[in-house]
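The next block holds one structure in the form of structure tokens; read it before the comments.
In this document, chain identifiers A, B, C, D and E correspond to the written order of the chains, with residue numbering beginning at 1 in each.
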Amino acid sequence: MLEFSQHCPVLMTITLLVGAALTPIVSRFRKKLSFLWAMFISLLSFFFCSCATWRLYSEGPISYWLSGWEPPYGIEVRFDYVSTITFLMTGLGVLIIFYSRKYIEHEINEDKFSLYYTLVLLLLCGMVGFSVTGDMFNLYVFLEILSLSGYALIAITEEKLNAMASFKYLVMGAISSLSILAGIALLYNVTGTLNMADMALRLQQFPPILTSYVALVLFVVGFSVKAAMFPVHIWLPDAHALAPSPVSALLSGLVIKVGIVGMIRILYTVYRLGGNINFIPVTNFMGWLAAITILIGAFFAFFQDDIKMIFAYSSISNIGYIVMGISLVSFTQPEKGYLGMVGGLIHIFNHAIIKSTLFLCAGALIYKTGFRKLSDLRGMGKKMPITCGALTIASISIAGIPPTSGFICKWYIILGAIEFGKWYFAAALLIGTLLVFAYYIKIVNAIFFREPNEPITKVDEAPMSMLIPIVLLAIGCLVLGVFAYLPLAVIRPAAATILGLPSTYIPGG
Amino acid sequence: MKKGVIIFALFLLWVLLVAAVIALPPMGSSETPAYTHVVPRYLEKEVEEGGANNIVTGIILNYRGYDTMGEVTVIFTALICVLAVLGRENIKRHTSKVELSSVEKSVIVKSVVRLLAPFIILFALYIILHGAESPGGGFQGGAILGASVIVFTLTFGFTLGMKKFPLKYRTILESAGPLSFFISGVVALFCGLNFLTYMLPCINHAYQDLVRHLLLLIIEIGIGIGGGTVIGSIFFAMEKVEKE
Amino acid sequence: MLRSLDILLLIFLLVTAIGVVRTKDLLGASIIFSAYSLIMAIVWQQLSAPDLALTEAAVGAGVTTVLFLIAIGRTVRREDE
Amino acid sequence: MSPAEILNKLTVNFNYVVAMTLFIIGLYTIISKPNLIKKFMGLNIMETSVFLFVVSSGAVMGGKAPIVGEGVSPGTVFVNPIPQALILTGIVVAMSTTALALALIIKLYEQCGTLNADKLKEIK
Amino acid sequence: MIVHDIRPLLAPTISILCAILIFWRGENTYLRRIFSISAAILKWVIVLSMLPGSLKGVIYVTELIPFTPGISFLLRVDALGMFFGMVSSTLWIITTVYAIGYMEGEHARKRFFAFFALCVSTTVGLAFAGNLFTLFVFYEMLTVSTYPLVIHEETPEAMKAGRKYLVYTLTGGSLILFATALVFYQANTVAFDQPGILSINSGVGILVVIFAMFMLGFGVKAAIMPLHGWLPSAMVAPTPVSALLHAVAVVKAGVFGITRVVYNIFGVSLLKEMASKGADVASVLMWAAMITIVLGSLMALMQDGFKKRLAYSTISQLSYIVLGVSLLTPDSVMGGIVHIVNQAFMKITMFFVAGAIYKKTHKKNISEMHGIGHKMPITMATFTIASFGMMGLPPTAGFISKWYLSLGALAADKPIAVIVLLLSSFLNAIYFLPIVYRAYFMKPLDGDTTMDEAHWTFLVPCIICALYTIGLGLFAELPFVPLELSRIAVTQFFR
């Protein structure tokens, strides 16, 4: 078992990759097979990921040398505590593929079904590969796989505005990828290596030169676009709102988090706290941007009537929380940044679950009614109680009302902000969550407490294949909040190792 | 006004970028960190460890084989993306704009293409198979293969192109790149080695080198055929228009 | 390191790039883009990267240009439409 | 650094400077040109500029192409092969992005009848 | 003595289970009633079973789950918690009976009773919260679970009131969260097991900030002026909601929070120390409370809507408790704490009466209530008793709280507080007695004086509450009455 589990970090990527490559072939035999095949592949990958995670927490990080070449000569796949996000990715992937079976009949042409599943598998493959790699250029390659499949998934429907939203995303995404590639190129010339750990070592050996700083800026800009930070968030609302709902769930829940993971890798694995490049001005700037992002996202969400548009803007706001959390660090005292880091990282997980719930619920509503405007969805709560109940739980969760899962990050980030004396960050966060709640209550009001414009007929509860993922995720929103120590047990070592502390670090202890 | 601001901002960016690059060691120096750190081992040992005289090929297939696997997947992804956006062509429903306009191709073009086609394909195959010894390899050959598909179809008409390169074969060949990588890479797992290892100590010593060549060849051919088919299919998907 | 040919090629590169930007006719621009790619291939050959030169000539100048041409054929030829 | 030094560095690293200039030209095209196909040509220019930078940074004075063969003596200086390996991947990625973008453009034109970004903004 | 026990957890859980059951099978009226009443009684029994222990000074603790190092979800029943828990679980039974009658024929009853149960669950959880963090969690849950009750009518007016309610309380909640984080940062604990966990070493400035944030945060629910705006508008809710939540659970949650902060987070000695350094925050709170008492009464005078007048009266009465807390003397706190229960019973009687009248005659305004005493003599009699209680006339319960408050004020050397209390009694008389007068001594507008009493589900709760009002006044010093419990709570604060 131990022998086998060592291969898991790479096997889970390969499974998705080969599964995706085989999907068109499989669907040639029977059209319906593509769904079962995608389910099988994602479950297999989830299984491998579970093995890898199990090994991580029993044996410590896994370093896997592709082709057997030791780094920096070959490519290293490194399954460390940050990589646990793959557990979330593959798990959520399974649920979303399951959900898609019925849903895509509604929005996608029948002959594109197998392409849809192929793209979803490729998207998952890109994200998983991105999160476990220990090599800079490999990071870029997987980033491209996931970006390309993300663009295409938005434009897979025949709706009029989708191609435009996708193109906007593509242009900004391509520029950001290029900016990241340029950063890699500069950094390669400074250090002469592509392996992240080796790069970090070599950066310490040479005196810092301007190039390293410029590379850092390029990286941060590039990943900010992927994460949809203010002011480069403009692609997000259209793209996430117009995509088919399960795709929105993937994009909002996971794909934008990839930008965050990238930032973490660059800042804390490559440049490193306490090294000879002080990037605190950059993180401070990011913190400010994050505060603005929180407020801007929440503010614009307020004026939307389209339910998915609201969720999309709230994603922007939530990315602000995460970035704020991970930017609250001190260069010389790593342990000071611990609380903020925990807050940011935990919200990567929680937001993914909450936002997926929201988008899947929205999808179920759209599937059953064909409406996406709040004013048209009035009174749906009585017709689709389970979907709307889940939607309500997720709404409360994302507003950070305890004891739901959205609250935890609020608590930690506020503590982190106080630790640094940046009370105004905490204030921005709180104002943001209040605004968030204001528009989520609008949704809840509309579906439960307002009379429908015209009597609703012929609308009943969503089919089982949609309800099961929704209910599981909604339960997740509650359980991860009440039993917060479970996700925290996973996150704490991640936060500690990112900051260069021992993985068993406990603040004050 | 707006344009002025943009140009000014871009100028500032230019200054920043140029400042960043000229802070690097002078170009062409052999004392750079990049040239002294990882490279020496590649230059000295690649032929022995990687088994290809072309060091670049050795790196992309062996030392950084995982990257290349990703890259092959990127091409495959591009195809799936294009198909997801535009849809597959269908021999019954689709034709091309050129065919619709019914402009007759000159006989000279047709005969030249007919004459050259076998040589182009031969050249492509040569590039694919000799990637280990000379410049070139799977991608380059694949691109040429794909280009020859395009040239053929443009000359002899879209419908004939669809007939000559039928969908049912292309669907399978498109996946050749990732699959060949997988097949070559997964063998090592059965020997208890890491993924993508080609040198397999669990088989007879005499055949090890042969097996390695074979595995690399599978990959090269897979990339070449896969890449060529993908380019061809992208072309078909983009060029097609609805009949009537 | 720098030879006059290299400098000439690089300047050509800049000129063709600006040509691509300034040409209003998209068909013309994509032909210039093809030329740009070919010059890039030569530059890389000069930099002792034959693999890349071959790839850029096949992919950049060949396939990419063909794709551009197809797209222009399917859509518009003038830039301002 | 004195101006003379800077000038010296600029000339020695002329390839780099050209690459960065191309980068800016491409970025300018993306930002200022309304036509979507033109934007994508700009993006391609940007991409190749980064490739040019990377390949140039791998060059070594008097270096030969990194191919070991019969005619190559043991003491030959080779250029750095890693950038070449990376850019090979980069070119393919660039082509893939372009293919997707053009497919999107074709679909967009079929739906909206224009490729002008300013006009597209008004549709909605 | 600390006893680890499951009962503190059991009490809130029962109501949550009840809510889930109602969500599940609540369409059925009988099942719904059985669930509601049996849960109410069961919970009351559980809470009651801990009372003897609490009277002996036993503290029951359930540690649920850890949250972060230093903080866990902790339920801890000390005398104050017991006191509040007892009040809410007792009143829940009465209100449930009343609500079953009142909600007859209303829409969305399933939702109503489910959230009703959820509310009480969170209130009891709040009462039993063992640290500031748990308190905050329940506090926010309370806000959310009351929202559907406030907007139960679903009219535009109700929606507006609901929005106002959320804006006020959630903003307050955010401040509390911020302050809680600050406390945790300063003291590295947020537990309630000490009389004060902060120390003067943190610096007077930061302490003042923390105190201000807490007071602004909890002050919203405690309706200290000028944070009271939501309370009168939230009166659009059905009467049982107004009764239980706006006279008991929600507003008392604010007051309860203030008490906890003052005595368990800051502590008497720290506040006095701060006062000696020129930051006399307790006096500021006292002044705010006194202003609220007077202004609330004055504004109540101007209202014609029956429930509106009761709402302003609530605002005024709540500040009695805050006043008692802020005086920092044992007697005053005791008066304040005991007023939690006294005011609850008196005010709930009044709301029940208002609801009964509305259901019977559809009259909402005081100016329409001529001769209502002839029609509904028993109902109005209970109202009269309650208003005597509000004025603080002996032998009602109101007198007891005012007595101790005044004693405390004198002990704290703040005679002005006594004057304010007297003034308030006077104002109470001015705005309650005319109602009584109008009801009994004026002819009905339609001249119809036949007796037409409310249904028994309305009457019984009214009578029980009124009896309590008198009973506590008469038997104040007997054991097993609230005064005893509040005395124990006070000794825990002034250790």
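We adopt the following convention: a contact is a pair of C-beta atoms (placed from the backbone, for glycine too) under 8 Å apart; a residue touches a chain by one contact, two chains touch by 3 or more.
This one's a predicted model, so the numbers in the text were calculated from it and none came from an experiment.
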Other chains in touch with both chain B and chain D: A, C
Upon omission of chain A, how do the remaining chains partition into touching groups? B, C, D | E
Chain pair with the higher count of C-beta pairs in contact (A-B, C-D): A-B
Greatest centre-to-centre gap (Cα means) from chain D is with chain E
By Cα-centroid distance to the whole-protein Cα centroid, the innermost chain is A
Farthest chain relative to chain A (centres taken as mean CA coordinates): E
How far is the middle of chain A from the middle of chain E, if each middle is the mean of its Cα atoms, in Å? 43
Compute the distance, rounded to whole Å, between the mean C-alpha positions of chain D and chain E. 70
Averaged over CA atoms, how far is the centre of chain B from the centre of chain E? Could you give it in whole Å? 74
Go ahead and note the Å separation of the Cα centroids belonging to chain A and chain D. 29
So chain A residues touching two or more other chains come to 137, 141, 144, 148, 151-152, 155, 163, 166, 188-189, 194
Going by the contact rule already set, what residues in chain B reach two or more other chains? 17, 21, 24, 27-28, 32, 34-35, 38-39, 42, 54, 56, 64, 67, 70-71, 74, 77-78, 81-82, 85, 135, 139, 234, 238
Can you identify all of the chain pairs that touch? A-B, A-D, A-E, B-C, B-D, C-D
Under the stated contact criterion, what part of chain D meets chain C in this complex? 11-12, 14-15, 18, 21-22, 25-26, 28-29, 33-35, 37-38, 41-42, 44-45, 48, 51-52, 55-56, 58-59, 61, 63-67, 78-79, 83-84, 87-88, 91-92, 94-95, 98-99, 102, 105-106, 109, 114-116
Complex contact set, residues of chain B against chain A: 16-17, 19-21, 23-25, 32-39, 41-42, 62-67, 69-71, 73-74, 76-78, 80-85, 87-88, 168, 171-172, 174-175, 177-179, 182, 185-186, 188-189, 192-198
Residues of chain E that touch chain A when the two form their complex: 65-70, 73, 136-137, 140-141, 143-144, 147-148, 151, 154, 159, 162-163, 166-167, 170-171, 174-175, 177-178, 181-182, 184-185, 188
Give every residue of chain A touching chain B within the complex, in rising order. 3, 7, 10-11, 14, 17-18, 20-22, 24-25, 28, 64-69, 72-75, 77, 109, 111-112, 115-116, 118-119, 122, 125, 129, 135, 137-138, 141-142, 144-145, 148-149, 151-153, 155-156, 163, 166, 186, 188-194, 202, 206, 209-211, 213-215
Provide the residue numbers of chain B that touch chain D in the complex, in ascending order. 3, 6-7, 10-11, 13-14, 17-18, 21-22, 24, 26-30, 32, 34-35, 38-39, 42-43, 46-47, 53-56, 59-60, 64, 67-68, 70-71, 74-75, 77-79, 81-82, 85-86, 133-135, 139, 227, 234, 237-238
